[in-house]
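Two complexes, one shared chain (chain A), two partners (chain B, chain C).
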Partner chain A sequence: MSGNGEWPLWEVFVQPPGGAPFEHAGSVHAVDAESALQNARDVYARRGEAVNIWVVPTVAITASTPEDQGPFFEPGNDKPYRHPQFYTSPRGVRV
Partner chain B sequence: MQETEFDARIAAGETIEPKDWMPERYRKQLIRMMSQHAHSEIVGMLPEGNWITRAPTLRRKMGLLAKVQDEAGHGLYIYCGTETLGIDRSELIDQLLSGKAKYSSIFNYPTLTWADIGAIGWFVDGAAIVNQTMLAKASYGPYARAMIRICKEENFHKRQGYEIMATLAAGTPEQHRMAQDAVDRWWWPSLMMFGPSDKDSPNSAELTKWGVKRKGNDELRQRFVNLSVGQAKAIELTLPDPALKYNETTGDWDFGPIDWDEFHRVVRGDGPCNRERLEARNAAHRDGEWVRQAAEAYAAKHAN
Partner chain C sequence: MEALRTYCVRLADDRLVLGHRLSEWCGHAPILEEDIALANIALDLIGQANLFYGLAGDPDQLAYLRDAIDYQNALIVELPKGDFAFTIIRQFLFSAAALYQMEALSRSTNADLGGIAAKATKETRYHVRHAGDWVLKLGDGTDESHRRAQDALNALWRYTGELFLMDAVDETLIAERVVPRLDPAPWRETVTDVIHRATLTVPDDGYMQRGGRQGRHTEALGHLLSEMQILQRSHPGAKW
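The block that comes next holds the complex of A and B.
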């Protein structure tokens, strides 16, 4: 943003109190990891929303692509026997 | 082909994510709308920041300081959402500083008295909540998620403003007059915040077709009026509109005509504070240059 162009982008993940998993909150620009963490706290945790924060360089993230969606996730979709509804139990019994 | 698929996804209420295919026009319109929204949050700090040092009590000062800090945060949420559409943050900032970008014209009005801080929280943030609650269901995921985050925080803004107004209105006759004067000046510009009537709004139809906007400008404006009437009455302040009248048939409060000439004048740059706001924003950016340089020098030193 000054002489050297855009500062690196960092993705911010915050963990809410109560043992919930980390969740993507947004992103910040910062010169280094330390200031990214401080910026993330100021931007995404002003009201005790977080007990932990991760910042990750955006370029370090490998993500699936929208074109992948069908074939990439298919192995999960064609295995109904992974769900409890696939199995039957005698009438009137709660399993 | 892709466009048909895209339209079908919109029709099915699916959320569009950054890497999904989207029509160029959808991308352009979102960049325009989201960046204007982000700029508005940033410029919105200026009329209120003006009063931080003059807040009447420590309690008020803490509240206002926290609100202004939130506005900075809200600007950053939306900038980061806008960047997912493939535009750089620096380009967005340049557009604001050069005067090329637009922002909500409400922030080109001056804050003359402390009561204006109350009126801004009550009306301007109140109107923003009505609008942003609708945008929290926008078809573009990053925008909708930023709106959800903002809506959670913005209620505090409205309540601190309304409390300021209620306190002044229940105070001395002079304080009551001050509150009424702020209501008189801020009411109509707040109604203009929803934008021109749908039939005169060039972007509305397209944004509605794509599920970015889920309700029309007029419907949102009406909702804001309906909410405000009772709130004004409760603290014995009068909304400056002699035509305001309850409509038994529709269940809405009918209101008088809006001065759209004034709206267009302010949007074009001839509002009371357009130049001052842009100068203040540029000065703040210039004055922060040494901080950015120091941060870069520090990072460079520690990189080795």
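The block that comes next holds the complex of A and C.
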């Protein structure tokens, strides 16, 4: 158990049928990986939503913060040549 | 055909009654995730009951308009849900037996029966995994969880023999190769292995309770049915 008396939290990722990439589905509490997998199955994958499940301890995830918003995601806006739309298509190429 | 009908009703009665017992945990399980897990298993069992009843007659009539004396479930499934350890130990003992039965039944010469059993096999394999995991956690957990799990095992053991009893109904269908003869040996091996790994003790084989298949039930079934059937009994033919 963690300090607040609750079982550890796990993030659940499910792969939809058809081989699409894994998507974050939500989270579950569980005492170990096998229980986390079973709980994830019972909560998020009982109606054909998934063909695979990953569970990851929430504490193992390093996330960006709101302060990272500018430096991480916006620096490219003044550099239009980074986007394909900056370039015109040569003659003879159908678009 | 009467034997097959009775056989299907027995399978369905086991699953409907146990499904109802599990549904009593809805909103009361130790944690939210387990609440959902138990409800899922309950729904699986009630779904299986619906299919097996369908091979014997009208599922609604069979489920809601028969009295306790007409029910032919094994006694183990009707016992009150008890504490969480009791519910888990019962689920494990029952599901492990059901898994062998459904696996064998999926090879039945009766295609309907075999098809339903094949679907049930997949579901039951998960029930064994989920309940078995909890048996290990409870048995090999705290002093209190160990004590409760052992108490449950001691109380339930005498009800396990009935799961493997064969009477004239079974013998008729076994002779026709429609259903398998149930051998307790592989079941015993599975549950003994998990019980030992859970640091629990397998109770001695003493007197085994029986009677459910002939409609001789504990007091608990009548109370369960009165709750489960009240809507159809009070408003016959009521529909959503």
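We take it that the second predicted complex is superposed on the first by the 79 of 95 C-alpha atoms of A that agree within 3 Å, B and C clash if a C-alpha of one lies under 4 Å from a C-alpha of the other, contacts with A are read in each partner's own complex, and residues count from 1 in each chain.
In this section, contacts are C-beta pairs under 8 Å (C-beta built on N, C-alpha and C of every residue); 3 or more make two chains touch, one makes a residue touch a chain.
Remember, it's a predicted structure, so these values are computed and weren't measured experimentally.
Within the superposed three-chain model, A:65 lies in touch with chain B and out of touch with chain C [touch as defined at top]. When the shared chain is aligned, no partner comes close enough to touch A:20: not chain B, not chain C. Judged by the touch definition given at the top, the superposed model places A:51 against neither chain B nor chain C.
Judged by the touch definition given at the top, the superposed model places A:38 against chain C, while chain B stays out of reach.
Of the two partner chains placed around the shared chain by superposition, chain B and chain C are both touched by A:29.
Comparing which residues of chain A touch chain B with which touch chain C, the overlap comprises 7, 28-31, 35, 42-43, 46.
Contact residues on chain C toward chain A in their complex (touch as defined above): 31-34, 36-37, 40, 126, 129-130, 133, 137. Contacts from chain A toward chain B in the complex involve residues 1-7, 9, 25-32, 35, 42-43, 46-47, 63, 65-66. Against chain C, in their complex, chain A makes its touches with residues 7, 28-31, 34-35, 38-39, 41-43, 46. Contact residues on chain B toward chain A in their complex (touch as defined above): 17, 19-21, 66, 69-70, 73, 76-77, 80-81, 83, 88-90, 93, 145-146, 149, 153, 289, 292-293, 295-296, 298-299, 302-303.
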